[in-house]
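Here it is, the structure in full.
Chains: A, B, C and D, in written order; residue numbering restarts at 1 for each.
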Amino acid sequence: MSLHPFAIELLQLSLLLGLAPAFAGWVKVLKCRVQGRTAAGILQPYRDIRRLFGKDIVLAENASWIFRFTPYLTFGVTVIAAGIIPLVSVDLPLSATADVIALVMLFGLIRFFTALAGMDIGTAFGGMGSSREMTIASLAEPAMLMAIFTVSLASNSTSLTQMVSVMAHAEFVIRPSLAFALAAFILIALAETGRIPVDNPATHLELTMIHEAMILEYSGRHLALIEWAGMMKLALFFALGISAFCPWGISPGGEIGTLALALVMLAVKLMVGALVMVLIETGLAKMRIFRLPEYLGSAFLLATLGMIAFFILE
Amino acid sequence: MAPPLDIAGFSVLLLLALALLAPLLRSVRTLQIPLAFSLGAAASLAAVIAGVITVADGSVASATLTLGIPGLPFHIRLDPLAGFFLVVIGLVGFFVSIYSIGYVKGYGGVRSITQMICFYSLFLAGMLLVVLADDAYFFLVAWELMAAASYFLVMYEDERAENRRAAFLYLLIAHVGAIAILLAFGVMAGQSGRGGFDGYTFDAMRTAHLSSGWAAAAFFLAFFGFAAKAGVIPLHVWLPEAHPVAPSNISALMSGVMIKTSIYGICRFAFDFIKEFPWWWGCVVLALGLISAVMGVLYALMQHDLKRLLAYHSVENIGIILIGLGLSMIFASFHLPTLAALALVAALYHTLNHAMFKGLLFMGAGAVLHATHERNMEEMGGLIHRLPWTAALFLIGCVSISALPPFNGFVSEWLTFQAFLLSPALPHPLLKLLIPLGAALLALTGALAAACFVKVYGVVFLGQWRGHQKPERIHEVGPSMLGGMLLTALTCFLLGIFPTWVIAWLDTIPKQLCGGRLAESAGKFGWMWLTPLSHERASYSGPVVFIGILAVVAVTWLLLHLRATRVGRVPIWDCGFAKLTPRMQYTASAFSMPIRRVLGFLFAVREQVEIVPQTNHPAMPGTLQYRLRIRDRFWNWLYEPQGDAAYWIARQVGKLQQGRIQIYLLYSFVTLIVLLVFLG
Amino acid sequence: MILIALLVISILVALILAFIGDWRYAPEVNIGGSLLTFIVSLVLALQVYREGGSIAGSTYFFVDYLNISLVVLTTLVSTTTAIFSRRYMRVEREHGRVGHWRMRFYHAMFQLFIFAMLIALVTNNFGVLWISMELATLATVLLVSLYRTPTAIEAAWKYFILCGVGIAQALFGTVLLYFAAERVLGAGGNALLWTNLSRVSGELDPTVMRLAFVFLMVGYGTKAGLVPLHNWLPDAHSEGPTPVSAVLSGLLLNIALYALIRCKALVDASLATGFAGNIMMGFGLLSLLTASFSMLRQKDIKRLFAYSSIEHMGIATFAFGLGGPIATFGGVLHMIVHSLAKSATFFSVGHAAQMHGTQEISRIRGLIRGNPAVGWGMFLGVMALAGMPPFGIFTSEFLILTATMKDAPLLAPLLLLGLTVAFAALFRKVQPMVTGLIPPWQKPLAAANIPVFIHLALVLILGIYLPGFLANWFHLAVEILK
Amino acid sequence: MTNTLAAQINSLLAALILLTAFALLAQRKIIALVHIFAWQGFFLALSTAVIGFASGEHHLYISSFLTLGMKVILLPYILYKLVHKLKIHRDIESVVNIPTTMLLGIALVVFSYHLTAPIRELSNLMTRSTLAIALATVMLGLLMMVTRRHAVTQILGFLAMENGLFFAATSATYGMPMVVELGVALDLLIAAFIFGIFFFHINTTFDSLDVDQMAKLKETD
């Protein structure tokens, strides 16, 4: 028997909504293990979110509606994005609403409003955060797109389902272009999700924080939404990378069997991916903000090499 | 229903009449402004109708007026391309006219309203005529009418030196461009093979068969001229001078539509007159487009004068449009009609979009100026509390220009990206490889634009008031200004949500110009799904994205508001820092500082920090002054040398006139001898 | 005979004015006389148009499409100038710059000057053409020095000597022309008649004609103010009374050019080479470039416009040199629209100078606010002169430039350069004068605005609606020059 | 009297005219210059008469008389009077190195010969060979105007040119048509009237007739 596409859609959405905190928790646990600390457990993020939802909201006097609207928008856009990237099955109805470029732009929308929210209160921190965030993003986005374009040139399509199915059914060969692109993608993903060496999610030190600085003034359910969306974003970037570069095992249709298999594969990939990221994060120290251009530049270089390699070698 | 050409003609005549009768309107005192500008709006609307019909049914109508030189009477013609630009001009004209009713009131008593009305309508008429003209002479007349009218409008506040300077620079560059275009027409007419005045008609130029050399000469002369008007880098220097100092409704027209007429001209020359051209033409256009886009947005980021910043963004967006055009030309030169159609549609779509959101933004800037009498962003802040409506509408403009879904800017940039990714279809290996790299630059542009508008909106509307005057004095602008902005914003939204309809409507233009069509593939899955070439390639659905986001937001909001929670309003926390003053906020310059550091080598940046150390402790500076000056490098690269050269030559020439009559006699003597010697 | 009437009237008016002297209605008489000649010239034009072709008034005079259009132009501009000078000279008297005797002199000489130009236009005889050119010069020399200031006298002296010398060379050219003609048409007066010469121009001896043209070119070129024979022009135009500057710029230069193109027609026919054309193109380009660059550094407003006259004469000369139907058409049109626009501009310039009591550009400010009519008059006039549509000068420049692009594309960049620099210079100088706030030293003035706006209206009309009859009129004029 | 003889006389007179032209170039004293100019006019008139007599072109007598009246009597007289009135009859003008000027003059003569040679071939008049002299006279007059700094001498140079032109007319074509001759004479008259006025103006405003003082209107800096 097989599931109806919309059922799959729902399944995927609920999976991401439900398990994104768990994934974030898993990352934290891994990190603690690697750094030899005792972890708070995978479920800690759930507790945090619940606690935040429970709290009252404290708003600065001059916060405008943009400040209050942003968390909802962030959450909403993230959820839509979650519905777009095919994770377990290629046959995903929502996936047609936005191709990979639109997806990147959707994340851009989130960033835009978060940055505005950062400036809304009118504090030095907020401005600093927004400024740095937008700077990094404007350097990261080209590299991001280049990395993805390599894949879309290979599959000559920008629609995710098409890309995934092409890559999935391509017989397994080492394609230098994709290798380069993947490397670039990882670097960018670290930057986009605000991880070390670009940003440090676990700090409130004014000199180091970027994303945190923007949401400094948030509290209560607003903060909860933002945190939750952030966790989903992390998961989504992994998902995006997986489905763009190594979608093997993803189910072509809705048969339960293949779906189950796909789920297992996905879980494994996510765990491995998380491990990789944790190792990188532990291995590296956070960069000075003005060294970031070099970092992102090298990512861009890798992506470009990937594209050139595609035209020259394949 | 009257044929579109008549409607267009009516609209032009109405405007010209308005210009001529402007002095009479003075008699109706208070009604003068509403009456004049609602007539302007009506005329614009007529133009829109004419355009919409023409583009929709792809009809071509032409007529000949009895004016002009006999043997070369004024020809007018209305084909889909012209129709499309009628719509662009008309729409913005319509919105801006409504807006002006409120805006121009602000000048009442201070300056001559009659002058404003007269040149305003002449300006609109000129733009419409540029699009309608069908022979070289009439085209240039209209072109210069447009230039002259806008020149006087830039000069409107002529007691300010910056206005005079800007106006002069603008007129000069515009005129050089016009002469270049004139020469291009000269080439076309000369090579058209038709004798006498007949060669000057566009028909002759359509049928002309030019040798490749002449064709290149004609196209690049024309391109130079149009680029000068469009503000393509490095011919852009007048734009950030002229657009800011003009009255804001005029800035909206200039940035929104006037510079688009040059896009029209380039399309005419490339696709309509010359048709067969080598691929490298497209590459030149593409390259210049990319440069303009990136440099434009970077310079924009460095500005802290709101309108100046927007002007630099016009440079950027013209660049984006040219990118589409360039790609389209490249595809067309390799005879890939469908792909050429896609790129062309992308370009035209962005033309329309930019007209909308840039118009909206300039109107917004005008509203801010109107309310605060301030153009310097460093003196603003927190206006969202004082001007809630303006703020909301301005935000839509910002989102649109930052190419973020679900608004219109995104759609056209998305289409341009799609065009980029079609490069593998090209037979030319090098192009295959290079063109996608351009996509990266486009991405960079988009991201920087987003950054820039976070800065604009954040500094102008968010945060706290930085200015010296009391913010309580600032009040929301009147209904007509809001109305104009509201309609524009609405259009931005609709253009973003229903691209399939727009593309279906546009379809006649690519069909006419490069033989390709897009509609049936783009709209195969109904109005909801935009699939430019095929659904396997790429697809986007504005409606679903919008509805989806809206739905999720609504649901979450409802769920979270089931339980009543207290929302406490408290002073700013800011990690518990005490005594936070508005001066501590990030300023515009501060916001763009990281980018200035990273890409500073592109500008002529001069930073000065003066620290006056306090007497008791050197580590504690008493006062600290920071001065930042950023100049357009192109000034001292291109323009200053030219000026110096001109004056040097002038000095040398002046030596001819050195006063003593014997010398003068000697001149005539020598001239005679020389002529006699070289007689044989 | 209307033709004779035309000449008689103007000389009579001159005599009357010399006689009545500084009678308080002298200006009105002046206007009336000019108006009368204008009406007569219109009648004449009508006659030419009806009968077509050319009317040989007698062996000495004749009228064809080419010179009648210039006759009408001359009489028109002289009329408007007379109207203008009524107000202008009154103010000058109040400022005490001219006295009783000089007013008498001024009026008489003005009409004599018009008379000389009319003869030059309608005469059939190259000798008489020369004589009347000289006469026109002599008539204006003392007008230039009317104010008796040192600079005025200097300017007049230069004008007198340089033009005298130039015109002398033209006479030598005429002698040679006569020499060549005599061997075809036989001795006697008829050998110098245009009507005969144009008939036999093919048979004239080329070597002599070549030599003759060089002398004629230098001679009449001097009077047309072509570089490098132009040095007298800026001085004379800037030092004389403004009405005189207006007619010098607007009319006399045209007459010289007219003589030149008549000669060119003959030379071309006899040589059948581009010899004359090339020389004229050379002079034209040189004048255009030199003048436009000189304009950049002018401090005196009337000098500025004097140079712009040189520039436009250069353009017209270039056009005639280029030849071909379109360019020649452009050239004829250019002569006409330029003289209209230039004299209009000089009118407003004169008033502007009177309002500020100086001709220094740097001290003339805020005209539009001070006196809208004068300010807008000057501004629009300058736009016309700078070649902005829809004014007629744009039309002619459009035709000339496009023709250049067809026949001599390599020269187009030079034209582009010249026109651009001229445009820049004009606006750079004039924009600050007309815009901005009123300076304290500016005085109110009752200006004569009708002439300015008549001219500008005509230029405008010629730009957007060239009447059919006028157009084929010019076409026929072009035919004559073939 | 045979044409050859007339031709010879004419050539002789031409030579004398050329000589006077050079003399004008060389002479320093204003008053002497006036005399030389008168002589030149005289020779001109004479040659015109001779040609008229020989060729039977009787209208040449009239122009001969005109010349006599204007250029030998009237103009010199006016100049003489002016020079005395303005008290400049003693003026000695500093002329920049005469030998060079002379050499230039000779070069000009040769050049004008070279120019008129082809015309000479075409013509069959007995005076054809003197056209070169006429052109030379014109150019020498121009040269004089270039080299001299005194208003009166410039005018004299101008008048010498006029002589040359007149001579050219007679020698090339036995004179211009009558109407032209008369017109030219008229213009000359007016010109004389005008420069007369000018001498006074210049003298009163600059209290000297040195034209080098009139160099205020210039654009060099």
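We adopt the following convention: a residue touches a chain if its C-beta (ideal position, glycine included) is under 8 Å from a C-beta of that chain, and two chains touch if they have at least 3 such contacts.
Computed from a prediction, not measured in an experiment: that's the story for all the values here.
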item	value
Co-neighbours of chain B and chain A - touch as defined	none
Distance in touch steps, counted as few as possible, from chain A out to chain D	2
Pair of chains ranked first by number of touching C-beta pairs	A-B
Centre-of-Cα separation between chain C and chain A, whole angstrom	78
Centre-of-Cα separation between chain D and chain C, whole angstrom	31
CA centroid of chain B to CA centroid of chain D, Å	70
Averaged-CA centre spacing for the pair chain C and chain B, given as whole angstrom	44
Touching two or more other chains - residues of chain D	115, 142, 145, 154, 211, 214-217, 219
In chain A, residues with contacts to at least two other chains	none
Junction residues of chain C, two or more chains touched	157-158, 161, 165, 169, 211, 234, 294, 297
Contact pairs between chains, per stated definition	A-B, B-C, B-D, C-D
Parts of chain A lying in touch with chain B, wherever the complex brings them together	53, 56-62, 64-66, 72-73, 75-77, 79-80, 83, 94, 96-99, 101-102, 105-106, 108-109, 111-112, 115-116, 118-128, 130-132, 134-135, 137-146, 149, 152-153, 156-159, 162, 204, 206, 216-217, 220-221, 225, 289-290, 293, 300, 303-304, 307-308, 311-312
In the complex, chain D residues that touch chain B	111, 115, 139, 142-143, 145-149, 154, 211-212, 214-221
For the chain B and chain A complex, residues of the former touching the latter	381-382, 384-385, 391, 395, 399, 402-405, 410, 414, 417-418, 421, 424, 429, 432-433, 436-437, 439-441, 443-444, 446-448, 450-451, 453-455, 457-459, 462-464, 529, 535-541, 544-545, 548-553, 556-557, 560, 565-575, 577, 580, 582, 584-586, 590-595, 597-598
Chain B-touching residues of chain C, taken from the complex the two chains share	157-158, 161-162, 165-166, 169, 210-211, 214-215, 217-218, 222, 227-229, 231-232, 234, 279, 290, 293-294, 296-297, 325-326, 383, 386, 388-390, 394-395, 398, 401-407, 409, 412, 416, 419-421, 423-424, 427-428, 431-432, 435-437, 463-468, 471-472
Residue ranges of chain B in contact with chain D within the complex	651, 654-662, 665-666, 669, 672-673, 676, 679
